[in-house]
Structure formats: C-alpha cells, structure tokens
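Below are the structure tokens for one structure; questions will follow.
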Amino acid sequence: MKETFGEQIDEMRKNAPDDQKHIQDYLASNCFGDYYTRNGLDMKTRELLTYSMLISMGGTDSQVRGHIQGNLNVGNNRETLIGITTQLLPYIGYPRTLNALACLNEVLPEK
Amino acid sequence: MKETFGEQIDEMRKNAPDDQKHIQDYLASNCFGDYYTRNGLDMKTRELLTYSMLISMGGTDSQVRGHIQGNLNVGNNRETLIGITTQLLPYIGYPRTLNALACLNEVLPEK
Amino acid sequence: MKETFGEQIDEMRKNAPDDQKHIQDYLASNCFGDYYTRNGLDMKTRELLTYSMLISMGGTDSQVRGHIQGNLNVGNNRETLIGITTQLLPYIGYPRTLNALACLNEVLPEK
Amino acid sequence: MKETFGEQIDEMRKNAPDDQKHIQDYLASNCFGDYYTRNGLDMKTRELLTYSMLISMGGTDSQVRGHIQGNLNVGNNRETLIGITTQLLPYIGYPRTLNALACLNEVLPEK
Amino acid sequence: MKETFGEQIDEMRKNAPDDQKHIQDYLASNCFGDYYTRNGLDMKTRELLTYSMLISMGGTDSQVRGHIQGNLNVGNNRETLIGITTQLLPYIGYPRTLNALACLNEVLPEK
Amino acid sequence: MKETFGEQIDEMRKNAPDDQKHIQDYLASNCFGDYYTRNGLDMKTRELLTYSMLISMGGTDSQVRGHIQGNLNVGNNRETLIGITTQLLPYIGYPRTLNALACLNEVLPEK
C-alpha cells in the first residue's frame, strides 16, 4: 500500500515542469514525509482527516479527487467516505457537500 | 463521556434565545444525533474529523474552541490535536494553523 | 410553479446513487421543505436570497447554475439577477461577480 | 428611514482617518448610491440580500453587525433575520450560522 | 505594453452582453483606472500583488489565468510568478498553490 | 532591519509552548528562510505580497496585524499599505477591505 502511495507522489513529481519540482519536493517531505508520519495516527485516519479538511475548503476539487484515490490506496472505502461526508454536511453546508459527492462519484462510481 | 457531551448540547439549547431553539434542535439531531452516529466511525475519530474540518474553514474560532473541548470530552488529547494540526499545516497554511493553535492554547494550556 | 420545483428535486433524487439518497432526502426536507417555507418570506424572495448567498461563497458554480434555474422557475428573471449581482459586487469583489455572470450567461443567455 | 441610513454612512466617513476617506466615498457611492438604488428592488429586500451574502462569507462579523442594524433601519425585524438565517443554514453550515446568530443577539437582544 | 492591457479590457467589454456592460465599465475604471494608478506603485508590482491576492482567494481560476496573462503583458515572467507562488505556499497551503501552478502551466507552458 | 525581523521570529518561537516549537521552526525556515529569500524579489516587495495575500483570505486579522508590523520593519509605510488596499478593494470587496483598514489603524494609527 505504501509503495502505491509513494508511486503516486513520484508520478506527480515526474510530471511537474522542471522549474516546479522544488514544490513537489516540498509536498513529498511535508505532506507525506516527516510531518505526515510522526503524529501517532495511522495512515487510514490521516487520509480521512485530509479528506475532511479538503472538502470544507472550497475550490479544491482536483485535490479532493486525488485524496479520494489516496483514501482508497490506504484501504478506506466509498462507504466510509460517504459516511464522513454525511456527518460533515451540517457544518460545511450542501454546496461543498455536493461538490465532494460529485468528485466521489467520478473517481469511484457506485457499483 | 457521552453524558458530558449530551450535557454540553443541553446547555447550548438552554442558553439559546427562545426564537433560536429550533436551530439548536437542528444541531442536536443533525450534528450529534442520527447523522453523527450512523456512519460507522467511533466517536473519537468523528471529533478529530470535525476539528480538521473546522480549522480549515476560517472565521470559526468559536466553533474550534467548542470542538477542542468536544475532543477532550471523548478522550482525545492535546498531543493528538497538535499532531493533526501539524499534519494539516501544509494544506491549510500557517494563518489558519496559528489560529487553531491559539484556540488550543486558550482552551487547553500546556502543562 | 411549485410542481416544477418539486420535479427538479425529484429528478436530483432519482439521479443520485442509492447510497447517497439520504443526502437528497436531507436537502428535500431542509432546503426545500419545512425550513424553506416557514420563515414568512415568499418563494421569489427566498430564491433571491439563496442566489446572493451562493455567489458569495466561491467554488459553487454548479449550485449557482442550479439556483439561477430555480429563480427562473419561481418567476424571477435575468434582469433582477443582474441587478442583484451588480449590487453585491462591491462586497464580494469582481472575481466572484464574474463567476456569477458566467453562470448566468450559460444558463440563461441574453436574448 | 433613509435619513437614518444616510446618517450612518456620514458617521462612518467622519470617523475614518483622512487618508482613508476616499474608501468611504467609494462605499457611499457604490454600496449605497447608484448601484444600490437602480436595480429595481426595494430597500428592505436589498438589505436582506446583503445580510444573506455577508453571513455566508466568513470572517465578517463586524459587517454582519453593521447590516443587522441596517436591516432594522429600513424596517426589517429580528424574526425575519432569524427566518433567513434558518433557511440558509443547510447551505452555509452551522459555524457560519452560529456566528450570525451571535451577532444578532449582540446587536438586537431577544425581548 | 499599456496599449496591450487597454486592448484586453476593451475586448472584455466588447464580449460582454449589453446588460452587463455597466459591470465592465466598473472594472475598467476601478480595477484598471484611477484606483489602479494613483497608489504610487509601478505596474509590474501591481500585477504581482493582484496575482498574490487572486491565488489565495480560491475558486478564481478564470481570473488567475487572466492575470497571469496580465503579468506577462506588463513584463513579469514565469520565473517570478513561480517564485511568488513558492513564497506564498506556506501561507495559502498546497491546494491553492497547485491550482495556481495548473493555471500557470496552462497559460504559459514551460519552454 | 533584518535583525528586527529575526528578533520578531525569535520572539514568536520563544513564546510558543514547547510542544509547538516545531511549527515555529517550520515557519522560520519556510516563510522567512530559504523559500523567502531565493525568489529574486527584494524584501519590501515580498512583504507587500504577503500583505496582499493575507487581507484577501479572511479570518486572518492576527496575521494581518503581524505583517503590517513586518512591512514597517522592512521599510514600507502606511501610505503604501493604504494604496495597495485601495487597489485590491474591487477584487476582495469591502468587508475584507474594512477589516484590513481596522488592523492598519490599530497597529499604525494615523499621525
């Protein structure tokens, strides 16, 4: 699972223009490196927290889609993500909620 | 623990003006009632998700303080909340992060 | 007119995946049901208020388009929506304003 | 009623430092002048729209308080403002809603 | 260079529907007219400030793309825009940063 | 001037609780260290860009006040900050603008 995550990050870095690779390095070390691993939370919880934060920011559909995939990579599933989205709905309101569900249905269609 | 949470909600409702109690009822049922309990996540994880969402919205210091207390009520601690805040920093940026830490230091000072 | 609105909501529910229909039920009852009808405002005013709120949130183009249609359904017109957008411009700034106008021109082109 | 509004604006301009009076002039003409009056909506509706927009932006408590007073000045009342806030709750979420109610209770306490 | 900027604004006004040209006039005078020129900053600095503000608002991709072009029109280049984006990253977080870079790569691909 | 800036950062770190000093280190290196100095912009321009970004985010009054002081430390003045605020007004709208001016008048009153 960890390899898959690493591969995803490596892919992002490879695809970035040369003059933006320093930002990918920043992401790799700060979002997925030391900061990401030292807080005593397991990886599944961390990805759920990241999803919760992203869907409440607004204007972040691309990152929401990326971390829906990230959640699947670490073993979370569609049911859990819908459960979280339902729980956060009264706080973030339905426009942000519907945007999140649209991303979810795009990345991971209902079977 | 659950009683403490219920007491906190009852207190909010009691303090609300009569013409706003319907909104407290909405909160009680939607944020802490059915929506809150049916998604298969334990209460400690749910409060961490709520904290993550709130610190990334901006302009929500009052609610952040309330849910720092909510996190303590269900058994999460200062160390975990700082760990989450550290992890989310690269996503939400340092202004939102510093606001979260200021709330944390106010509600729950370092020993 | 009310039928048209109801039909729009029914359509949204029908199109939603099975595991998200509870969220459509929430919308139907909270956004368009009891909450929506008991506040003593007529439906045309309510839709104008919803439009005003949505264009100021940011990252809500899909919902803005939906409620431009909702405004037309209850009898508001392009001229009124442009009037409101013009009035709110100094508060919400021109990026949010131009996004609103782009949605308006897409849903309801100038004759 | 209009005089009261004009007086409020004059007061803001008088209190502004000399090197910021050009911004008060901008507000007077754009928010309350030509833009404000030409869109065919009566003043009571306009203030309701302004309130709706402000409570959904976040980080605008000071302006929310100002326009709660503005709403009262043009003849809207606490009941209507609570009605609107209730209606918008499912869209803007409860943190923004509770902030709005706190402003309302501060400017215009329940009798 | 200034002509190019004026031409861009004229083009926007020409393309706007008749019933929205008053908003283009507002933009032309307030964003690019008197307000824009009297603050003692040279045009290159002003466009950098506009870019900085836009990438931190969220939900403004269309305007970010427009002002990347605006920056190029007044003589700023890709390297400077990446430098600014890198500097602002720790404040605005990586979702807003990645959105900005996506706009940059679209308007002005790496050579 | 640079010493003053360094002193300000050292002060922030000293005042932070022990379990949050790693976040101050992050700020020191990312916001004021390598990232801050390598982009080819002089320090006065950088602080203006930071101010522009902060006033447009919302819910960041504490950081706005800090960087008004930061701007003064590197040689920018009240007139320039008002000029920038005036220029950004049509983009960010007047609620964010008035919040910025309130911070400015608090940190640096008109003589």
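Annotations for the structure displayed:
Per-chain numbering from 1; labels A, B, C, D, E and F assigned in written order.
Here is the rule we use: a contact is a pair of C-beta atoms (placed from the backbone, for glycine too) under 8 Å apart; a residue touches a chain by one contact, two chains touch by 3 or more.
Chain-to-protein mapping (UniProt): A, B, C, D, E, F = 4-carboxymuconolactone decarboxylase.
This structure is a prediction, so every number in the text was calculated from the model and none was measured.
By the residue-number overlap criterion, the interface of chain D with chain F counts as different, with under half of its numbers used by both chains. Taking the mean Cα position of each chain as its centre, F sits at the greatest distance from chain C. The angle of the rotation superposing chain C on chain F, based on CA atoms and rounded to the nearest 5, is 180 degrees. Ranked by separation of Cα centres from chain D, the top chain is A. For this pair, chain A with chain C, the centres built from the Cα atoms lie 29 Å apart. Separating the CA-averaged centres of chain B and chain E is a span of 38 Å. With touch defined as above, residues shared between interfaces to two or more other chains in chain A number as follows: 26-27, 31, 54, 57-60, 79, 82, 86, 89-92, 94-96. Residue ranges of chain C in contact with chain E, taken from their complex: 58-61, 78-79, 82, 85-86, 89, 94-99, 101-102, 105, 109-110. Contact residues on chain B toward chain D in their complex (touch as defined above): 17-20, 22-23, 26-27, 31, 54, 57-60, 62-63. Against chain C, in their complex, chain D makes its touches with residues 26-27, 30-31, 35-36, 38-41, 45-46, 48-50, 52-57, 79-80, 82-84, 86-92.
Per the touch definition, chain C reaches chain F in the complex via residues 90-96.
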